[in-house]
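Got some structures for you, see below.
Same chain, two partners: subunit A is paired with subunit B first, then with subunit C.
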Partner chain A sequence: MSDLRIINIEKQYPQTKQQKDPAFSLQPVALTIKEGEFFSLLGPSGCGKTTLLKLVAGLMPADKGEIWVGDDHLTAVAPEARRFAMVFQQSLLFPHMTVEDNVAFGLKMQKIGKRERLADAQSMLEHVGLSGYGSRFPDELSGGQQQRVALARALVAKPRVLLMDEPFSALDPSLREEMRELLRGVQKEFHVTVLFVTHDREEAFYLSDRIGVMSEGKLLQIGKPKEIYEQPANVKVASFLGLKNIIEGRVINNRFVSNDQSFEVPVQTSIKTGPSVMIIRPETIRLVPDNIVKNLQCLYFRGVIQQKIFNHGFYSVKVQAGEYLLTCSFTSQEAENMKVGQTIDLMMNNGDLRFLNE
Partner chain B sequence: MWQKTRPYLLLLPAIGTIVLLFFGGLFDGLLKSLGYFPALGETRFEMTAYTNLFQSSEFWESLILTFRVAALSSVFAAVLGAAITVSLFMLKESSKSGASQVWHRLFQLPLTIPHLVGGYIIVLLFMQSGFLSKILASAGLIDEITDFPVLVNDPFGWGIILTYAWKEAPFVSLMIYPVLSRIHRSWRDVARVYGAGSWNFIREIVLPVMLPAWTIATFIVFVFTFSAFEVPFLLGVTYPSMLPVYSYQLYTSGTLADRPEALAVNIILAALTILLGLVVYYFSKRWNVLKGWD
Partner chain C sequence: MKSPRRLLNSILFLLLFFVIGLPFVPLILSSVSFGWPWPNVLPDSFSFRAWEYVLADSSGTWSVVGTSLLVAFIVTAVNLLLAVPAANALVRNSFRGKWLMEAIIFAPIVIPPFVAVMGIHLTFLRLGLTETILGVVLAHISPTLPYMVRAIMISYNTLSVDWENQARMLGAGPISRFVHVVLPHLLPGIAAGASLSILISLSQYLITFIIGSGQVVTLPILLFPFISGGDPAVASAYSLLYAGIAVLTLVGMDLALKKYYQNKKAATGKG
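Right, the complex of A and B next:
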């Protein structure tokens, strides 16, 4: 198996005289990406995603650690000999070469004959929906088409690993969706191992088999999209994933009590006594139906509606509960009669709550 | 109306001066080369000067020497200039310190030195009793300074070629360096990831990018050396002399009868320059060198 193994790789940038803050450093990262897997590094700008990608590509020397693909130790191998491919934020096509020559560039460097490499380039251009564009120059293409060419250039060389550095961030939203579809399709078709860097949660969740969440040079959590969304390892991951309902409190005698004491819930024994947080996912909050018999498996609370906004087919409603302003997600039907200032009764299953020790 | 004509009127003094001095001089030279010399009472147009020139072996030898010196000077200057530029570019790409800036300025130094002074430097360095031959003799590499090859005032024109190669290489470099700055920093990364080492990067990306400016710079050097006077006058031999020197020799020979021939040489030089310009333009179009950059 040609898995990509990143073993405790780390990088410390030199401190510059102008900067007062300490220089950025990438903490040791250990990660195995399976052959044919689509793995995304998700994190805010400046968290070290691109640094990690460049270290894997060999474009930057690592201070410590190793990179392996299958049985090949690549740490000291020059980037040109790694047989990787990379797609950058901008298409970075060579303007003096035709689209076809751009796509065939990697094959030319591998000393593949002209006829064969141009045939491969044309076939790959067909895969990305650009057949017939081969003889054009990059400046005759739109931004989206240029990025398709960049993708074709990356795939045609049959790379061991395809590295992608926020490749769709410069495109407008509709094009971005189109490119996501295309990438998903070709990745499955060619069974290529992808290491994808993005700060766009939606993009990472849509495309990835697994996601690694990064922040401030650290890899905080690795998991399948559903896992990390439902069970974030810590508050940073939760807040980066957009989970806004984070309630601070303490765990005492296996019960979580919020700081304002408006929430009290039993917790599993694995949660230690002491300062903790409770994370409530917006879509798990429901309206309490009439004539319900309350049970211990659910948490019930009352709140006042502060805001109601229509958002992509559902309503995002902000409810003041105790000291906390909680974001809830309701269907149009549920939210139909809700008004700002109205008091509502809400509930959720205790099993949908996530508790973390601080 | 005033708004429309104003820019042209403002440009008129400059354009007038250029037309009068450049085209006027050229036109006057053309008339005189055709034998039109009212001061001597010659008001007929005839091709005698041109036929005389084309029949003289001195002219053809001079033309061949001029072509050879201009071609070799341009090729050496072009290769040297490109090598300097590519080295500076790669140095800048690989190092973050200001070292490349220092080197850049150092290589531009010959630009500030006048051609005549450049010629003297070559004389002092490369003549048989010059600096280099004395060093080689002191080091024991040659027995006598007369063993040092004749590189100055030699019939082949090595002294002139050396001067122009040294003097024009920074010019070529100055012309193509800004073009290389169009190369995106990340292209190096792209090329490397796709398997291109430094040499492939230069061959596939750097050279094609600089080719248009390089061609033009080399052509300018060629045209300049083709019609330059002072260095061939200083470093050349009396026979065969380069065309501009030959023209000067004819013009100052003491007889007015040679002047149409002297001016005909200049007209031939101008005509050849225009012809070469057209050839270069045709090829640069044909090679598609500018495609994709606009």
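Right, the complex of A and C next:
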């Protein structure tokens, strides 16, 4: 197996005289990415995800730590000898070479004969949907096409790991979705290991087998997209993932009580006594059906509708409950009779709630 | 809209012709004159005596042209070897005393060559480099290098490190990176710097005169005695030849560069 192993790698940027704030540093990161896995590093800009990517690529020397692929120790190996490939935010196609020569560049560096490498380049261009564009020059292509060529160029030499640094962030949204589809297909087809850096949650969730959430130079949580979404490890992860309805309160005697006393829920013993938060996912909130026998497995509350917005096939409804403005998702059917100002009864399963110690 | 623009263009062209072309007219007339006493507007009589002298083998013109071009091209080649790493270091790195380095490299532009050449002469005398082509070449580097470095620095400024990183990630070692990525980007800057370097080297009089001590004869050295010594016809003919060679060299370089780009395009176009 040739898994990519990142062992306690860390990097400290020297503090410069001009900057008064403490120098940025990347905390030790330990991570194993399986062969053929699509792994995303997700985090706000300036969180160190690109630094980590460059450390893996070798474009920047690490202070400590090791990089391995399978049984090859690569920490001291030059980036050009690691047999990695990288796609940057800009396509960086060499302007004086044709598309074909650009794609074949990696093979040329491996001293593969001209005929063979051009044939490989052609077939790779076909895979990214650009057959027939080989003899053009990069400035004759659109931004999306250029990024496709960059992808083909990275894949053609069969890299052990493909590193991608926000490759689609310069494209417009519809093109970005198209590229996502393409990348997903190509990645599965070639079974290539991908380390993908992005600040776009949707992109990360759509593409990844696993996601690592980063913030301020720290890797906060690693997990499958569903795990991260449903069980964020801490408030920072939750807020970066854009989770709504984060309610502050305290845990006393294994019961969570919100700051305004309007919510009170039993919690598992694993949650420590003290200040904590409760996270309610918008889609777990339901209307209370008529004639229901209330049970202890559910949390019931009453709220006043403040806002109702149609959003991609469902309604996003803001409900004032106690001091909190909660966001709920309802289907069109459920939301049909809702009016702003109306009081409604809502419920959710205790099991869908997520509690975190602060 | 179009006709005023065309009019302006033709006026500018005429102006340019008068400024650049007109001075050549008396030069041409003078070179074919046989006595041109003041205050006549045109020479009394015409003869090709000056040109016959200049173009004859006995006057040694062609070997002088050869020496001039040899010096200019060696100077340019050496400049290139010095300027590319220098520009790379000055643009890409920030280090203590960088301003001082830049000041030293660019100093010959503002400091008169006479100041430096006296010291150089003394040193070269001890080293036995005077009266040699090597000595003249070395002495020519100081006034030409700043222009070469300047031109290549501008090219480097527009070359982001990302390009080299990209090539690196595709498996390109240092030499491949330079040949396939950096050099094509620097080429326009190199062409500009090389043109300046050739022109400045060709027009050095003082430095060549002092270091070469009359043994290394370039065109300006050959020309000067005729200007001051009173054969204006021969001086004019040499001036014209000198201008012609400078222009030919530049045009030749320009063509070679264009051809290089065309070949590149054609070769890649064929695949």
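Rule of thumb we're sticking to: the second predicted complex is superposed on the first by the 358 of 358 C-alpha atoms of A that agree within 3 Å, B and C clash if a C-alpha of one lies under 4 Å from a C-alpha of the other, contacts with A are read in each partner's own complex, and residues count from 1 in each chain.
Here is the rule we use: a residue touches a chain if its C-beta (ideal position, glycine included) is under 8 Å from a C-beta of that chain, and two chains touch if they have at least 3 such contacts.
Everything quoted here is computed from the prediction, not taken from an experiment.
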Superposed partners subunit B and subunit C on subunit A - clash or fit: clash
Touching partner for A:H96 - first (subunit B), second (subunit C), both, neither: both
Touching partner for A:G134 - first (subunit B), second (subunit C), both, neither: second
Which superposed partner A:L118 touches (first subunit B, second subunit C, both, neither): second
Partner chain in contact with A:T193 - subunit B first, subunit C second, else both or neither: neither
Contacts of A:T51 with subunit B and subunit C, given as first, second, both or neither: neither
Subunit B versus subunit C as contact partner of A:L59, first or second or both or neither: both
Touching partner for A:T327 - first (subunit B), second (subunit C), both, neither: neither
Subunit B and subunit C contact sites that coincide on subunit A, given as residue numbers: 57, 59, 78-81, 83-86, 88, 90, 92, 94, 96-97, 105-106, 109-110, 153, 157, 163
Subunit C to subunit A touching residues, read off their complex: 162-163, 165-173, 176, 180-181, 184, 264, 268-269, 271
Residues of subunit A touching subunit B in the complex: 54, 57-59, 78-86, 88, 90, 92, 94-97, 105-106, 108-110, 137-139, 153, 157, 163
Subunit C-facing residues of subunit A, complex: 57, 59, 78-81, 83-86, 88, 90, 92, 94, 96-98, 100-101, 105-106, 109-110, 118, 134-135, 153-154, 157, 163
Residue numbers on subunit B that touch subunit A, as the complex places them: 184, 186-187, 189-197, 200, 204-205, 208-209, 291-294
